[in-house]
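The next block holds one structure in the form of structure tokens; read it before the comments.
All chains are identified by letter, namely A, B, C, D and E, in their written order; residue positions are counted from 1 within each chain.
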């Protein structure tokens, strides 16, 4: 079962590579779209360079912190907003602003607030926050009213309600929020790094690759980003599963 | 009831403005953070300029189309992936790529595919697609199995299942997906316009405001973006409500 | 064609629920199943309906067109009674027909109210009408009269009896009175016996 | 202190469910409520439990510590029987105590299985044990023995009787036998009458 | 590559900035005819993309980008002329820097890390005996706006900015003055090269196939450059009309943008020297290696 899934996933990746190869063949402009093979060679040379780990860690730490902070803040704010309707109304303009204000508009504000070093943390944070907030709030609002009534009659305290009612029912919402957010946090975080160009970040490498039109390097770093993003998502969903298992609920994990 | 909510929302906006004013007073760098009053004056002059409507419409149409296309595609792909596990596995690398590849990496690809004029459509599309896909897929997966069994026993066809089972149960997922996505579509779409700078777009105005260091104009256009985004979200959620009402289900709309 | 169930086995982990269950359900007739809570009645119906798989044994002759009253209603919460019923029958079923059926079991004028607001007994009756009105050759009724007061129960039983002519019906019930009211065969599922095998008596 | 309900009114839109319902529930005693499906029994309990509001009239003397068997179980699906029960009682309730209670109503060895996999009657019994074990001065039981076979029902009734000493109990039931088995007062809620008002007999 | 546009039509691209300012007169005269089609893009990505794909024949782009493109396309790009010399300036709010060597021990705000401005600044500092790592503190910022904001807030400060931001910043910061023109400083080092910002580049295929049209265009282009430098006010109006920059800013900026037309041998030696300086600091900046002789167009 498990090995069959592995196989399927490998096949999926192979198909994706084939699509890429085909596209590269059709476009046939190596300066624009390089073939998987070239990228693979480049990838190996990148990964074996001495400061690769430091670069990857630099970006990973920043983007992961932006994501985790936003996750925590988003859940906390959504819990507040779910409990007090007035708080929800108060938050609305802020969330709406965070959601829709283009990065171009507050990049300077961001740079002043947090400097180019930490730009990626803030930008990842700002893209993840509204996603988590909205999903969790929506989840809280669609929590089974009948179970909440039951808890009320039995005077179950908030910790119990959270553990036994909210967390299980929020599961699909948290899963989709975090599955979407991890990817977008990388997307936005690296974009922040490309703007701020902090020394020794993946964003700096991307920036250089772009400026110097070295498409192979651009693609190779992009592959690194995708792999890191997948790795982080897997790690995170593993932790989430563990946490859920801790609540003592028998598992019914919906994998994505 | 309705007027009370209006009042609360107005109060929320006022509070947000007060926060802004206070922040501007504390930071006290008019070149960076201008006061609401200044922005308001600028806003009025912008809105009364003859080509304002054309500019707003230009960006609105593109971003709205990017959003709607992604919504349709996301729902369709999620439906496919929800029906055939193999399709889900096949899609995974593509979705993962779309989610996490930074715009910097495939800006060139985007330009090849769609040119700078339509860049904002594609970028909005690419940010919205994985959000909708993941949320809807998660929703499909957490659809009440007992109802699906019931439908199977009674041999209810797919259209009936969609109308009576999936759509109602997907509601919170679609609501949070679209509520998050509308905002992000604007954020990403305008970012695309700032890169592509198509003539007569809001992105061009933002770009100019940035180049000429006119913070007031930057803020004023940002306010325009927020208002357009809110307007679009309201319009869209109104349409969604109408569509849901059409399915004949008695309403229990969870407002956000 | 009669439905024959032979040597049905079903395990959930260590828990052996069905151990060689064998029975015949004559076509066009009503069969009642009785047995203690947790003995596997619902499991048996699920297997016969194709919602669960058996670990051994065989089920033969279940017609393609089925309908059911599930143990837990399984109504479409947000929709009204009429939509719930329309869900299982063709477009040609008239609104009036549905309303009339609802009226016959004491739900006059309730067809356009969302079932979410119905009382427990009202929900049950909607589930019963749904099963009856669906075009089916066999009805699986899992405690169909549960939660109804005496008078309403008699009304609903009469309603079911009036509408199942010629169809095969399997009723799970805990009341001998109900079983007797439907006549037909009665299968007693014995208490679970973790090791031994068991048959079925009539 | 006795619970007094005076002139209770409840409307859902046009639908007048309770029209001046009046009754006394003596403290420490068991009172059964019977009445046709849809007459407002569950609504009455909801109002008394504070889950719904009345449009008129008054409820007095409901103790703070309540427990209930809801008409539709309302279990925590993903959790096992023990967790479901632990949800309503303090940390000091021992695992052994819970297991022992479950055993007494025929659920020996089932305490650590998720209730999602329980049969209908097993779920019902978990709900009953939950209501009994919760520290409460009053129990609201809405058709607590629904869906149980005769033998299990007698067992469960006995279990409830053994554990409610001194507590006020309100049981909604459709079976006169059940009501009689608990002794105490019996309130018959009349058929709904859209216009007139109605009282309650004992 | 793709076929050229309509018969005989030349497709030219430019960026929104000084490198496009010199060709506004050509754009103006081409408005009615269909000899030339102009594209003004916001990002270099778009221009390079179109040039590589054959959707453009000529493009006004940064000098080092031309070299990078040459290296990436195996010599498909040809350099026609230099159109903009240096646009980088040291500006100060305050009065402490009067010559380049006064920068020693100072803090300099600057934009353009990891690209030409960084290499230029470091080259000039080193050439003047100042160690960029130890003798000065360079604070790299992402946005000119950030630099201007910082200086406005501190009330003083030194910065390296490109035109036309220098002009924009002068309008915003009272007392901001230019204290060094990096183009001049570069010349003072006197090694035969010139600080170059923009060049006019073409696809080799186009150059080979349409030599006559190209000659005609280059003539008109050089006249246009003269026009822009002499009729500043009129040129500024055109610059705004074609969406390159606002007239008010452009008018003040043109004299400081070092718009020029330099071709032939002069161009070759200037560019070779300039690229060599970049190459010495970071080979990637010119695309890995210095371009060969076929990079330089000869009439």
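In this section, contacts are C-beta pairs under 8 Å (C-beta built on N, C-alpha and C of every residue); 3 or more make two chains touch, one makes a residue touch a chain.
Here the structure is a predicted model, which means the values were calculated and not measured.
Participant: Enumerate, in label order, the chains that touch subunit A and subunit D alike.
Facilitator: A chain counts here if it touches both subunit A and subunit D, and no chain qualifies.
Participant: If each step moves to a chain the current one touches, what is the fewest number of steps from subunit B to subunit D?
Facilitator: 2
Participant: CA centre of subunit C versus CA centre of subunit E: separation in Å?
Facilitator: That pair's centroid distance is 82 Å.
Participant: Could you give the separation in Å between the centres of subunit C and subunit D, each centre being the mean of its C-alpha atoms?
Facilitator: 26
Participant: From the C-alpha centre of subunit A to that of subunit C, how far is it in Å?
Facilitator: Computed value for the inter-centroid distance: 48 Å.
Participant: With centres defined as the mean C-alpha position, give me the subunit A-subunit B separation in Å.
Facilitator: The mean C-alpha positions of subunit A and subunit B differ by 18 Å.
Participant: Return the residues of subunit B touching two or more other chains; collapse runs of consecutive numbers into ranges.
Facilitator: Residues 32, 108, 112, 194, 207, 210 of subunit B each touch two or more of the other chains.
Participant: For subunit D, which residues are shared contacts with two or more other chains?
Facilitator: Those would be 72.
Participant: Tell me, which residues of subunit E touch at least two other chains?
Facilitator: Answer for subunit E, listing residues that touch two or more other chains: 45, 49, 53, 143, 145, 149.
Participant: Please give all chain pairs that are in touch with each other.
Facilitator: A-B, A-D, A-E, B-C, B-E, C-D
Participant: Where on subunit C is subunit D touching in the complex?
Facilitator: 12, 34-38, 41-43, 71-72, 106, 117-122, 125, 142-143, 146-153, 174-176
Participant: Going by the contact rule at the top, pick out the subunit E residues touching subunit B in the complex.
Facilitator: Listed in rising order, the residues are 16, 41-43, 45-46, 49, 53, 143-145, 148-149, 152-153, 165, 168-169, 172, 243, 246, 249.
Participant: Sort out for me which residues of subunit A touch subunit B in the complex.
Facilitator: Spelled out, the residues of subunit A in touch with subunit B are 5, 8-9, 11-13, 15-16, 27, 32-33, 86, 89-94, 96-106, 108-109, 112, 127, 130-131, 134-135, 137-139, 141-142, 171-173, 175-176, 179-180, 182-184, 186-188, 190-191, 194, 203, 206-207, 210, 215, 218-219, 221-222, 225-226, 229-230, 233, 254, 256.
Participant: Which subunit E residues qualify as touching subunit A in the complex?
Facilitator: 45, 48-49, 52-53, 65, 68-69, 72-73, 113-115, 140-143, 145-146, 149, 284-285, 287
Participant: Under the touch definition given earlier, write down the residues of subunit A that touch subunit D in their complex.
Facilitator: Answer in residue numbers: 146-147, 149-156, 160, 164-165, 168, 248-250, 252.
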